[in-house]
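In structure tokens below, several structures.
Both complexes shown next keep chain A, but they swap its partner, so chain B is in the first and chain C is in the second.
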Partner chain A sequence: MREKKQAKRFTLGKKKMGMNNRRSKIGNGFVILLLLLLGAFMAFPLYYTLIQSLKPSEELFQFPPRLYVLRPTLEHYTELSQLMSNMWVPFSRYLFNTLFVTLAGTIFHVLFAGMAAYPLAKHKFPGRDALFAVILLGLMFVGQVTFLPSFIIIAKLNMLNTYWAYICPSIGASLGLFLIKQFIEQIPDALIEAARIDGTNEWRVYFQIVMPNIKPAILTVFIFQFVNIWNGLSKELVYEEQLKVVKVALEQVSASNAYARMGSGMAGSVLLMIPPIVVFILMQRNVVETMTFAGMKD
Partner chain B sequence: MKKKIPYYQKKKIYGFLFITPWLLGFLLFFVVPFVQSCLYAFQDLTTSPEGMVGEWIGSYNFSYALFRDTDFLIQCANSLKDLVTVPLILVYSICFALLLKKEYAGRTTMRAIAFLPVIIGSGVLMDIMKTDVFSSGVKGAETVYLFSGGGLTGLFTSMGLSPDMIGFINNVIGKIFDLTWRSGVQILLFLAGLHNIPSYVYEAAEIEGANALEQFFKITLPMLTPMILLNVVYSVIDIFSDFGNTIIQMIYNMAFTNVRFGYSSALSILYFMMIAVVLVIVYLVMKRFIVHPEE
Partner chain C sequence: METKKKSKNKILTYFSTYKTSYLMMFPYLLFFMVFTILPVAASVVLSFTDYDMVQRPVFVGLENYFQIFLNDEYFIVALKNTLIFAIIIGPASYVICFLIAWMINELKPLARALVTALFYIPTIVGAAGWSVWRLIFSSDQYGLINGFLMKWGLLNEPIGWLTDEARIMPVLIIVQLWMSMGISFLTFIAGFQNVDKTLYEAGMMDGIKNRFQELWYITIPSMANQMVFAIVMQIVNCFAVGEVSSVLAGLPSTGYAGETIVTHIMDYGNLRYEFGYACAMGVVLVVMMQYSKKFATWLIGRMGH
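Moving on, here comes the complex of A and B:
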């Protein structure tokens, strides 16, 4: 019964969105202007890279760099595609590697971290607070600092030179767990109790009650983790050419001759930015949708 | 015949099953390396054909860092100064989240832009930005040469501004960059927090005659306090653990350039103990202000 009531409240809340958005036109214009200004700051680096990648070489090396391009050209992109097609591992293979590793890492992380966050937030067991303190400690440590011991462990597990070297470490990342736990704590206990009294087992409580209610958190963590893995794949873990990721391959191409290929490096980094942005745009619509009926409180 | 397991025991089993997969990953890829680097901190490590050889030297690394390496403590003190930006980030991201919550055309685009720093902040682009726009990492506001060397300085000079003024303006621009580029996650979290506040609370307040300002200070802000704590913790950790941070660089270089793994481990442990102390203080101070809407 309780669930149904809650569910009703969600839909009501959804319809009522926009009720408290009475705002004068001038105010609205002001808000948009402010947002545009700040947005310009945030979007600038994106614009700058794009511009740099479109500059012909003689403009690219100008110092100080110009904020606009006089003769836009796609020569760096064609050069990049030529370089890539000349490599003995086809570009599609690198792309597949990256997408596979990133998606698998992200999905495993979101699934497992979410599952671990539920008992941490809603069950009482001895050592819970101690465990959470250790997790917080995990948040504070940067990967680079424990890189050497982690590398040794990955080597000992025989994971070097496999996809697992990329996928497994992301399972145990603590940021996602921390965020999801914080959101689960806000779900009223009554909702979970109600489901339990109706005879739902914990498995279904998590997947059918808790998870739908923290969808925004899960999607947020999904975006984070996707971006983190996509951008953070390090070249040390995998040295088999067949298994390398796009980022490393691009670095090899442009860094092997840093100045001569600066343009194609720029073009490559523009291309590399596209997948995270696409994922964000796809997910973002969901985040916005789910957020609108997250208004559940006792 | 199925034996009936009591409910509370089932719950325990499920809880255990839920945590296990993640915990395994956490143990293997965080706890073990962490313990390992703690052990390294008490050793003098050298590489040899057989691999790493460690010699136990007690707390020598720590005492060296604290009493003899003058650089380390100074760097630590410097990084504490960066905490000033935390309140700025909070105020900025609350305001931005409030703006993004309103409905208007192009909201989705704006949200995407607000989140851009998170999407590309740590990637390849950042390497380019570091050398071209930020010059010395996201933090270095002083040397934004794209502005100082490029069009802007020329523009300001022709406007007749003194070099001091131009330096100041460049600094401000750099700081704004810093702020916008550090607030992506915080904005998103606040946005989620804002949407978690039930709309009937606002409706009730409106019927009672509360104006927008009162609504903000008496409803929005108290209801956001759990999110504020979360964001403070996140921002502090983010600032301290930024790879552009000089101290992180120092630790990293100590390990991979100077090949003093033991000393580098000792430094990182000391540094993160400092962060932990800061976080505990933050938590104890903020705990009193947290509003629990359920109670």
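Moving on, here comes the complex of A and C:
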């Protein structure tokens, strides 16, 4: 199937070259100018964060501020690592918490959502459409909107101050299931039927036939979920120091003395931005392929 | 006799298929129901009560809702600001995402990947990424904007971009715009790459002259489903603005100028423990999101036809 798709893309590319001929030159110039302006707007804050983290302290408080760094230094990064190593909870503990929670939340979400997406896409059973409608509704019930009632429920389940408070809500998110389900729908029924005739049961059909064919969707949901958990872990749900994550710990360090630690705060920001960016760049191709099927009819 | 047996078998196999379907969905649905649906359902119930998490909830009828709309002047500010975000950021970033995706669709794959990353990264870096805006709009002379305006002689005194009531919202709008190109942008990119190219050829025969006509008559209609999905993502994005405001302008911001419904919920929930009241605001927010989605889908449905 994939080969077919690539072949299709190849011919598309050829046709497109022909198409470009009837584009006007002025139009192209305008497009490039606009892209450059918008691109600068998008890139500048990221660039400025990096520059600020490399400036020695005297350059940080200089008037007028500079857009570049004269004597780049890593002193804020070493300062940050010193601050972290002086805390009573070792840094490795924060790191373990973060990795454990992010990976558990992501892996269980992908596993469960995939298992649920398969019957929703390919089985007929009573209540299917109603169920899917509820899941679509759930696309809007994101953490930023429902954080308060979620807090109440997590508290009532006695999950405050445990890893569960981080992990459980992210497993039940809607978006991942939606994307995987849309992706499974375009898998030909014949493929699944063939396996069924051989007597394979539905669990094995999913894990052995369907799952290998939806790798792009699974990787995409993996990224979205990873990024969401990485950025979304909240201070309200877990306040015991030993259970906190790297993000919260770094924020505490730089927030406790915002001015004097501006440099190390920026260094912390740079470090926190790296994992989501790396994950996204590595898996970008899969994301675009998955979003192709993310269409929604009202 | 035999046909009867067969049909019985059929029912049995059907039943067992159903059973597998439900079993396969069970683990996900458990988490989905408890952590996605239940919070909203609980909100609806608690919104009719007075509740502080210590004592039992006390039923108060519609009182919270009356309070919200008639007696809470800062909720009206929050509502106004949320609507400003929805009306400005929603359509603006939707259109910008769409246009950029359209422009870069014609670039070479590598360039396209780079631009995609550039426009998408601000969405995924989270608070670590946007805290730098606090330095850019800092109220002292070391703030980037103040520094340059003063250097060029346009300002004598530094301006409190994030502390002056009149300036908070414009700054928040810029920052929010910067970080809201996320999923809808990716959806458009994918959508553009998969429009059936033979339609363009056919369009050329039918007398389509420039790229705008092509966009309006061919591309938009064939991307309708992606556009609806992007709308949902966009609505979630701009109605949920809150963390940005609380981090950049403070909670509460000066004179509540940067208050949104979400920060108002934080205020009443996390700080004052008036959960019933805060839940009622949450219900209002979810209802608004639903109706905006209906309205926007209706609008998209009328485009390109």
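In the analysis below, the second predicted complex is superposed on the first by the 224 of 298 C-alpha atoms of A that agree within 3 Å, B and C clash if a C-alpha of one lies under 4 Å from a C-alpha of the other, contacts with A are read in each partner's own complex, and residues count from 1 in each chain.
Here is the rule we go by: a residue touches a chain if its C-beta (ideal position, glycine included) is under 8 Å from a C-beta of that chain, and two chains touch if they have at least 3 such contacts.
Just so it is clear, the structure is predicted and the values come from calculations on it, not from any experiment.
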Just to be sure I read the superposition right, which of the two partners does A:L33 touch: chain B = first, chain C = second, or both, or neither? neither
Quick one: is A:L74 in contact with chain B, with chain C, with both, or with neither? Answer first, second, both or neither. neither
May I ask you to decide whether A:A155 touches chain B, chain C, both, or neither, giving the answer as first, second, both or neither? second
First, second, both or neither for A:F112, with chain B first and chain C second: both
If you stack the two complexes on chain A, which partner ends up touching A:A217: first (chain B), second (chain C), both, or neither? first
Go through the superposed model and pick first if A:P126 touches only chain B, second if only chain C, both, or neither. second
Scan A:F183 for contacts with chain B and chain C and give back first, second, both or neither. first
Considering only touches as defined above, state whether A:V278 meets chain B (first), chain C (second), both or neither. neither
After lining up the shared chain so the two structures overlap, which partner does A:K247 touch, if you call chain B first and chain C second: first, second, both or neither? both
Check: chain A residues flagged as touching chain B and also chain C 16, 19-20, 23, 31, 34-35, 38-39, 41-43, 45-46, 48-49, 52, 63-65, 112-113, 115-116, 118-120, 123, 125, 134-135, 137-142, 144-146, 148-150, 152-153, 157, 168-169, 171-174, 177, 201-203, 206, 224, 227, 230-232, 247, 266, 268-269, 272-273, 276-277, 280-281, 284-285, 288, 291-292, 294-298
Can you tell me which positions in chain C touch chain A when the two form their complex? 17-18, 20-22, 24-25, 27-40, 42-43, 46, 53, 96, 100, 103-104, 106, 113, 115-122, 124-133, 135-136, 141-144, 147-148, 150-151, 178, 181, 183, 186-187, 189-191, 193-194, 197, 200-201, 204, 210-211, 224-226, 228-229, 232-233, 235-236, 239-240, 242-243, 262, 265-266, 269-270, 275, 278-279, 282, 285-286, 289-290, 293, 297, 301
Going by the contact rule at the top, pick out the chain B residues touching chain A in the complex. 7, 10-12, 14-16, 18-19, 21-34, 36-37, 40, 96, 99-100, 102-104, 106, 108, 110-120, 122-125, 128-129, 132-133, 145-146, 149-151, 176-177, 180-181, 185, 188-189, 191-192, 195-199, 202-203, 206, 226, 230, 233, 237, 240-241, 243, 248, 251-252, 255, 261, 264, 268, 272, 275-276, 279, 293-294
For chain A, which residues are in contact with chain C within the complex? 12, 15-16, 19-20, 22-24, 27, 31, 34-35, 38-39, 41-43, 45-46, 48-49, 52, 60-65, 112-113, 115-116, 118-120, 123, 125-126, 131, 134-135, 137-142, 144-153, 155, 157, 168-169, 171-174, 177, 201-203, 206, 224, 227, 230-232, 236, 247, 251, 262, 265-266, 268-270, 272-273, 276-277, 280-281, 284-285, 287-292, 294-298
So in the complex, the part of chain A that touches chain B is made up of which residues? 13, 16-21, 23, 28, 31-32, 34-35, 38-39, 41-46, 48-49, 52, 63-67, 112-113, 115-116, 118-120, 123, 125, 134-142, 144-146, 148-150, 152-153, 157, 168-174, 177, 179, 182-183, 185-186, 188-189, 196, 201-203, 206, 216-217, 220, 223-224, 227-228, 230-232, 247, 250, 266, 268-269, 272-273, 276-277, 280-281, 284-285, 288, 291-292, 294-298
